[in-house]
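Labels run A, B, C, D and E following the written order; every chain starts at residue 1.
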Amino acid sequence: MGREVVRLEDVWVRYDGVPVLEGVDLTVEDDDFLGIIGPNGGGKTTLLKVILGLVRPARGKVWVMGKPPRMSRHEVGYVSQHSLFDPDFPASVWDVVLMGRLGRAGLFKPYSRTDKQKAEDALKTVGMLDHRERQIGRLSGGEQQRVFIARALVTEPKLMLLDEPTASVDPAMQTEFYELLENLKQRMAIVLVSHDISAVSVYVSKIACLNHQLFYHGSEEIAPEVLEATYKCPVQMIAHGTVPHRVLKEH
Amino acid sequence: MGREVVRLEDVWVRYDGVPVLEGVDLTVEDDDFLGIIGPNGGGKTTLLKVILGLVRPARGKVWVMGKPPRMSRHEVGYVSQHSLFDPDFPASVWDVVLMGRLGRAGLFKPYSRTDKQKAEDALKTVGMLDHRERQIGRLSGGEQQRVFIARALVTEPKLMLLDEPTASVDPAMQTEFYELLENLKQRMAIVLVSHDISAVSVYVSKIACLNHQLFYHGSEEIAPEVLEATYKCPVQMIAHGTVPHRVLKEH
Amino acid sequence: MLDALQYDFMRNAVAAGVLAAVACGIIGVYVVVKRVVFISGGIAHASFGGVGLGYLVGLSPILGAALFSLASALGMGLVTRRTRLPEDTAIGIMWAIGMAMGIIFIGLAPGYVPDLFSYLFGNILTVPFSDLVLMIALDAVIVVTVVLLYKEFLALSFDEEFGAVVGVPVERLYLLLLCLIALTVVVLIRVVGIILVIALLTIPAAVARQLTHDMKKMMVLATVLGALFAFFGLWLSYEFDVASGATIILLGGAAMLASFGFSGLRRVSGREAIVPADGGQRQDRR
Amino acid sequence: MLDALQYDFMRNAVAAGVLAAVACGIIGVYVVVKRVVFISGGIAHASFGGVGLGYLVGLSPILGAALFSLASALGMGLVTRRTRLPEDTAIGIMWAIGMAMGIIFIGLAPGYVPDLFSYLFGNILTVPFSDLVLMIALDAVIVVTVVLLYKEFLALSFDEEFGAVVGVPVERLYLLLLCLIALTVVVLIRVVGIILVIALLTIPAAVARQLTHDMKKMMVLATVLGALFAFFGLWLSYEFDVASGATIILLGGAAMLASFGFSGLRRVSGREAIVPADGGQRQDRR
Amino acid sequence: VTGTSVGDRIGVAVTIPPLQEFVQRVGGDLVDVTVIVSQGDPHESRLTSGQVKAVAEAEMYAKVGSGIEFELLQLDDLLETNKDIVLVDCSEGVELIPMDGEHNGESGSPDPHIWMSPPNAAIMVRNICDGLVRLDPENRDYYLANRDTYIQELEDLDGRIRQSLAGVSKRTFMVYHPSLGYFAAEYGLTMLSVEEGGKEPTGDLTRTIEQAKENDITVVFTSPLSDPRPAEVIASAIRGEVRYIDPLAADYISNMRAFLDTLLEALE
């Protein structure tokens, strides 16, 4: 139905000879909200990095917005799993959010009025405008995460990649966050990596399970057997017997 | 019923003035298998470090086996949340497991026959005896975790503290691991920190929820309201509506 | 001191101090926040190989130092990024190899090597006017580059991965930054010498960091602090007749201890308790 | 070379090389695996302050160096563990302050300071017999300590937290280890000088690490390699009449490049693909 | 280290280059001279393996003997490689004067630069000749004849210096490294020096500049062994110039003559 924003064909990635992605095929359309679940080390982060062009596959083809990934980076927003930075780093929230405009502003030029306007809007969206002068390292983990989401938003992406964005965020904030995504999904394609199967199954429109290979389920229900294949263990361990249902949406 | 192995009274811990543990009282008896759940940053790791004497509380009292924690360390086994080490580190599995005997062997003395015998037994228990000569950094994450469990076992602890021991272990191995715990719990008190509420509720005999304050539930059922208080958010987010029941034990 | 300023060489020394402070104020901030103190130290020491080469082939030693420091900047940048050698081992080894090459070259050079010590330990009192011109040029290069690429360098220092994602050529910028460090090292060699360069790069920025969270302000503050250390260090060394470079460093060191001691105290009194009892290996959140 | 060995002081030089190799083989392994290369470099440079103090108050400079290096070992150990200063900044500053103090002391010392150069760059040819005795004693201290505390040092290097949990006094052992490094530095100063000590501590251990995964074997290998570098470096420097310390380092550096080049090649051909495209900041799993 | 011993010529090792001319002129074709500190500063001690080889192969060693740091620190070790070597102390009979009092008086050690005065050089040449005669009595006459010829040249040099300086009223000169103490004492001049103990110049450069101005100095002498920049700083402050004097040149007499000419210009 929508336009195709991501297309992976038979993508293989190896680290030191050990395959991490094995023949992954994936299509994301511009109105998709795709959830990716899978065990630790399954290759979820790697898959996102392939889409970002940060990792080049050993085999296979990748198109983002019909172009090679590195050509379309400025249309992609990214919130990484670990934002490793020095808590004493001398940058304000405002500085950090503006970084999202780096690709648009261009080398050698200062940020334009538009850039600043977008940054303000994004901070408003995540409810952090009041904190714009605060030093980034002095915020709580959840607040930092909101700033990083704002940073991803200011790029005005057509595709948003979120790598376990709620891992360091407390449950109260998580709910807010998923509600934010509910709004965003009108405007862009979203790929959300999460361990939180229940949340994924509640909010996303499609689910894929990744454990080196990708089991892509489109918008159908996930059968327990599929989860079992992905996690290679009795599903009971993960979701105590009852597989998360779409039904939860109505909660 | 059992002998008391841990006793915390009104324990407060602050990092840089921010309280992490607030008036925690806890008792663990020698036949307990206590599960501790709670949100990120709730203070779970800190609580274990208090029991180990690695972090001194700002206020409150701690006894382990009736002594101050640093006096009874040799009777405590510990598997930490993150084992940060250099993957090229020149140590074999055997070297690492023997480290568990350091406290028993004493300074300046080489490891005794007994130490080596115990190390062998522990490796057998976790099924890693065949890998004793392998370099530790070259094992997979799950294999490493087993070695660390063996290292904790060789101390022949009366109390075993496990900090998210299955986080880097795949589900297949997780099941095995919980079965191992089933055996161990005959011999020692176990405190298990985990985010995996379902697993915790399946295997442990008591549950405590920690979010700066400790909600200790003894061996009763955990009511949804308790979980809600702990996680400060609709429980649906965590366990999608149905709270883990004891009932799962029969799975 | 004021009466000393009637002498050309003293005025040159003050000018050299200020020009050095500009370079080390700006670049030092990146050195400190991007944590490349040791790469900078390695670049400085490796430049000694160039000094030796200069003597050997009859080139200007400072030109040799510039070549070697640029080459080692690129070398260390690529080796620490592209290979899996433990970073500290790799830097330590390149560092010592540069120095060792310098020693061997000097040994092979014909005739005397008169001002070897002045390359090692520097002497701000004898900076000739021609060097001041060179320093002005290098300062200009540094200031213009940093003004033009300020936002990119900020992103590079803060979070390289995200920088790459939004299309900043992070590796090339990183290498450029290391080259700027190399140029700064060349500027500073005259003032404090190869061995003490690391201090002049680090101390003003580290003190400035205690006082502000804004990178631009940090740069201005570090420059001002560097100029103050240079001026008063020069004064003290003049009054007490001791080596100028070392005095500048010791003065900076004292300021550093004072500022950290102060904020350390503040922190200790703020934290109330929590002693990471033994074994609490400091956890760097980085 | 063999004819040169008829001379006492050439034999002394060879003996000094071997004794230094023992110290740097054993302690260097800890330096490399515990990643304290820069702390070691800092200890070495800070010891220059002691050399200067020795000249100033008329003490033996090597005694002064021993005092300063022990003091700076404890200082750096405590500062990097107990405070929140960024480690690289803290070490870099202490490093430079030690050096600067040395320069000031030497400036204040009366008369010529003739063998300053030999403290900076070492001269294995002038190691007096009395120093050999000192080196034997220090080697003995190092060997005995490491034999007695082998398992504790292993645990300390591998995983401090667990060590603390099983009741090993990790902080005290860490400081002891740094003190052993300080003693090693003093032993090595005669051979390669303050500035190159860092290389002799690192290179043999880093090469040995390429060849084995067992720490005891690594120590033996590093010692043998260090002795080979010292012997053949001495030989080359004798044949070509170049500085001995620098030759030893360059020889070690060449061995290092060869061994890493070799394993690097092996690795590249083994990995098949995966180029961490730009921005793939090297992720240290540590 | 320069020079090698060939054939049956007598190998003589000397500490500094000026001694090379002394020995060569006395020994003529019968000796082969090697300079031990041919590169670098004899005030520092850098022992190299080349020096070791040279001393091991020599039959005689001529040391300056006036307390040059290299000899104080390294010579015993070096001579150990050759226990039979004939050791000549050239300073025997030279009256040592303390180091430039104003700066280094407190240490009380003698000024080592004895060879910079031609009469001292003559004494040194005699000592060298005695050593060669001891070692090789058969060629005694040859050595004595050579010695006398060379000493005559030194005396000519001495006479020329005295004569040239006789009419000069300005008697004060400035040199960076205080290597001309014996020269100044011999000819009634006053030496001002800049450097102290081989250490980097500090703020007292201003005092030196004032001193230079008071004494109407227009030339600052320095040696190729020293960092030229401090001398340049002083020269530019007094609007004078820097001139080079090499106290370690191997061609002693012609070097001293050249120095005399520049000194005369400086004292104009």
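Just so we're on the same page, a contact is a pair of C-beta atoms (placed from the backbone, for glycine too) under 8 Å apart; a residue touches a chain by one contact, two chains touch by 3 or more.
Because the structure is predicted, anything quoted here is derived from the model rather than measured.
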item	value
Fewest hops from chain B to chain D - one hop per pair of touching chains	1
Both-way neighbours, i.e. chains that touch chain E and touch chain D	C
Reference chain D; chain at largest CA-centroid distance	A
Per Cα centroids, the chain farthest from chain C	B
Same vs different contact residues, chain C with chain D, by half of numbers used	same
Separation of chain A from chain B, taking each centre as the mean of its C-alpha atoms, in whole Å	32
Separation of chain A from chain D, taking each centre as the mean of its C-alpha atoms, in whole Å	47
Centroid distance [mean C-alpha coordinates] between chain D and chain C, Å	24
Contacts with 2+ other chains: residues of chain A	54, 70, 86, 88
Numbers and ranges of chain C residues touching at least 2 other chains	35, 86, 107, 121, 161, 163-165, 242-243, 267, 277, 279-280
Sites on chain E at which at least two other chains make contact	48, 199-200, 202
Partner chain D, residues of chain C touching it in the complex	32, 35-38, 41, 45, 80-81, 83-89, 91-93, 95-97, 99-101, 103-104, 107-108, 120-121, 160-161, 163-165, 169-172, 195-196, 198-199, 202-203, 206, 242-243, 245-247, 249-250, 253, 256, 260, 264, 267, 277-282, 284
In the complex with chain B, residue positions of chain D that touch it	29, 33, 35, 148-149, 151-152, 154-155, 157-159, 161-168, 209, 212-215, 218, 285-286
Of all residues in chain E, those that touch chain D in their complex	1, 43-50, 52-53, 56, 69-70, 72-74, 77, 80-81, 104, 106-107, 109, 197-200, 202
Of chain C, residues touching chain E in the complex	4, 7-10, 107, 110-115, 117-118, 121, 123, 125-126, 128, 237-239, 241-244
Residues of chain E touching chain C in the complex	39-41, 48, 199-206, 209, 224-230, 232-233, 236-237
